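Structures given as structure tokens follow.
The same subunit A turns up in both complexes below, where it pairs with subunit B and then with subunit C.
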Partner chain A sequence: MHISEGVLTVPVLLAGAGGAMLGLAVGLRHMDVQEIPRVALLTAAFFVASLVHIPIGPSNAHLVLNGILGILLGWTAFPAIFIGLFFQAVLFQFGGFTTLGINTLNMAVPSVVMGALARPALRSNSGIFSLVMAGIAGAGAIIMSAAMVAGSLSLSGDPFVPVSRLIFAAHIPIAIIEGVLSVLIISFLLKTKPEVIKG
Partner chain B sequence: MYSILAKSVFVSINIFLTLNMFCSSALAHRVNLFAWYDGKMIMAEGYFSSGKKAVNSTILVFDSKGKEVFHGITDKKGEFSFKPPQTGDYRLVLEAGMGHRAETLISVKDIKSPTGELEAEQAGLRIAEGNEPGKGLKTAEDANKRIISLNSEEFEEILDRKLNPIKEQLFRLAEQGNRVNFRDVFAGLGYIAGLMGLAIYLAQRKHKK
Partner chain C sequence: MTCEHFALGESILHSADPRVKLLLAAGYAVVTVGLESLEGQILALLGGLLLVIGAHLSLKEILRRLFVVNLFVLMLWLILPWTTTGSGVVHWGPVVITSEGLNLALSITLKCNTIILANLALLSTSTIFSLTHALAHLRVPSKIVQLIFFSWRYFHVIDSEFHRMNHAIKVRGFKPGSNLHTYRTYAHLIGTLFVKSLERGESVHKAMLCRGFDGTFWLLSHFYLRPSDICLGCLTATYLLLVIGIEWSSPWH
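This part shows the complex of A and B:
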């Protein structure tokens, strides 16, 4: 999921950086004082999630948690993912500084989209339906991120079809796991702290 | 808000417990390239930071002017080797697919191994000595035998046997340096907590104004 330094062409990197900055601006505008601890907590979760490596599938893949971030944060997932990726780049050398923008975009846009999709269902008291939506958001965010990674690679010259096939194959197990994980986490939160979601 | 903080502590403890289970075998998602020059060939090995070898990955070799001089694919062990055409600096780039990429620099000083040249020189000297009148044919033969045995593949084998453990140890050291360790994880969490404090401070100051 993290694109390394030197893989993408300059226009793609610049477009990614521009898009990420826009998202960050919107995200920061949505973040008031009461929101900050929640954003920080989920940033921390995102930061360590990439260390939980899933040994299934043809390649190395790890948890991303961007679906859950989207459900719980909405637009503020942008700053959370940006900061998480920044520290992953500094401390673990995942991704890189030039690719920080495009990586943020590739993980945060699905997060915001899937969050927006699932939040109305979660706010209504519709039991099973809200859990189904949480699962779809968790898995869908990964699939959408994978598509965006494939897209950015193909814009930089890689042939789209074989690359995206590889990326999808690698991320289907993760998507399933994250779907299940978001159902578990959301149902736990709905039972114990519904105000976190309905807020 | 306090309940959120309390929960954040709870969740991070949980995450750490899970991490503890995963960390020994599974550290994420980065590809490394390790290369050395063995006197004849440039050898390279690619592996992910989880320890898995980078199999069937493309390796591109560029010379100091940035011109591509060679490209190939890593074998089942994630290894790759090629014979450099001339002395100079080479840049090796490993592309493991899906945006994974690593590169390393390697400089080739002597195409012929220095020991080889030395041996040849010595051999010439000894033979010359042997041909001098006053020295017996037997010594020349002896000298030649000794030199031949040094020049043979056995010599390289012995060197390999002696050097391989050192090479392996260097390799492991480099690998360890590339791994994610707990210090980094805690450092990152600390920074995030610090940033949270800073953000709250700034937001509240703005609020008061």
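This part shows the complex of A and C:
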């Protein structure tokens, strides 16, 4: 879910870059240097997972998993997402230098918010409630990201409003799949390595 | 899996100092995004083409990259011309194609492709490791540099782990479809990947502590500005100034 280069107007790009830098600064402050290997390995795992294509009906979608990322990493999701997007920009030319900020912001803010929302429930119990919260976080992060992408397009000019509506609508099935997968992934992690989530 | 298709090569751009290339790529993207005149945008695109020609990259692979990104641009061409208000060029019943809409789509197409070409020529001709080094030399915060470095180092390890498990489920007769079984299988696959990478992260950390890791990222390779790097930097910077000059003197501005 990234906006290509050359589409957004300069004020939107600048605001995105500023917001992303702020988020990165907070994320890095929350991370001790000794945590670098753990965070880096999870970043790599998320980058690999984001290359997986999941069938949805006749089509397929690649995973984003920013809800789970927020649950596992909290504020550190900011640098993790920034690095994922940096790799994509250099390796595949998806997004690029000027959109790195706004794309990071659009994916990382939902990640941090949904992580913060679901973590208390996941820490305090492992029953059905925690799985519901995992699903809400997984689907909610995609919906929120799609809304932010649509918002940044709309802010770049009225002609983009129909495009942004289309993009938002296209993400609803993806959000449902992400929600289902988040429930299944969290329930797997709670069974096999609960300390990952319980901290 | 190797994604650094373009990093191997012997062109001037491949051997150039990655610090210079990073700064030029950033400058090129920033200037291009701000362009409003058609002349400026076309000139910037020409510059991008020149850079890609200078990098001697495989034409087939470049076209493949451009094709993927231009799918999004194509969607804009299908929507923007009739959603933008302005003077109509073509009227089909209630649908009015405006020249403002066509201009907007054209401008996005030019800018998007220009930045991709410049990035291909300037960034993709370096390995991620040398870009990481260059970032460290350009005083990007050490924590970010180390995260990029380690994520890239272990991306390959985790990717091959993933492919091993993917082969294993295929050998056992797994066929993906739109059903809960598929989603559960993928969820367990990804969950296992997370558990394995967290465990590997712990052992990597312990191994680093044994070697005296205290958070410092030691830079072993250093870059030296050569005359050819200064030439490349000055030439590209002059070209960008020319683009800005054309932009300002254009009646569009």
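Simple rule for what comes next: the second predicted complex is superposed on the first by the 173 of 199 C-alpha atoms of A that agree within 3 Å, B and C clash if a C-alpha of one lies under 4 Å from a C-alpha of the other, contacts with A are read in each partner's own complex, and residues count from 1 in each chain.
Here is the rule we go by: contacts are C-beta pairs under 8 Å (C-beta built on N, C-alpha and C of every residue); 3 or more make two chains touch, one makes a residue touch a chain.
Note that the structure is a prediction, hence the values are computed from the model and not measured.
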| item | value |
| --- | --- |
| A:Leu153 touches, of subunit B and subunit C: first, second, both or neither? | first |
| First, second, both or neither for A:Ala170, with subunit B first and subunit C second | first |
| Which of subunit B and subunit C A:Val48 touches, first, second, both or neither | both |
| Partner chain(s) touched by A:Phe129 [first = subunit B, second = subunit C, both, neither] | neither |
| Partner chain(s) touched by A:Ile83 [first = subunit B, second = subunit C, both, neither] | both |
| Contacts of A:Ala40 with subunit B and subunit C, given as first, second, both or neither | both |
| First (subunit B), second (subunit C), both or neither touched by A:His62 | first |
| Contacts of A:Phe94 with subunit B and subunit C, given as first, second, both or neither | both |
| Subunit A residues contacted in one complex by subunit B, in the other by subunit C | 4-7, 31, 33-34, 36-41, 43-45, 47-49, 51-52, 54-55, 83, 87, 90-94, 163, 166, 193, 196 |
| List of subunit B residues in touch with subunit A within their complex | 1, 3-5, 7-8, 11-12, 15-16, 18-19, 22-23, 25-31, 48, 50, 52, 93, 95, 97-103, 178, 180, 184-185, 187-189, 191-193, 195-196, 199-200, 203-204, 207 |
| Partner subunit C, residues of subunit A touching it in the complex | 4-7, 10, 13, 24, 28, 31, 33-34, 36-45, 47-49, 51-52, 54-57, 63, 65, 72, 79-80, 82-83, 86-87, 89-94, 96-98, 157-163, 166, 177, 180-181, 184-185, 188-189, 192-193, 196 |
| Touch list for subunit A against partner subunit B, complex | 1-8, 31-34, 36-41, 43-45, 47-55, 59-62, 83-84, 87-88, 90-94, 149, 153, 163, 166-167, 170, 193, 196 |
| Residues on subunit C engaged by subunit A in the complex (per definition of touch) | 3-4, 25-26, 29-30, 32-34, 65, 68-69, 72-73, 75-76, 79-80, 83-85, 100-101, 104, 107-116, 119-120, 123-124, 128, 131, 141, 143-144, 146-155, 157-159, 162, 176-178, 180, 182-184, 186-198, 200-202, 204-205, 208, 213-215 |
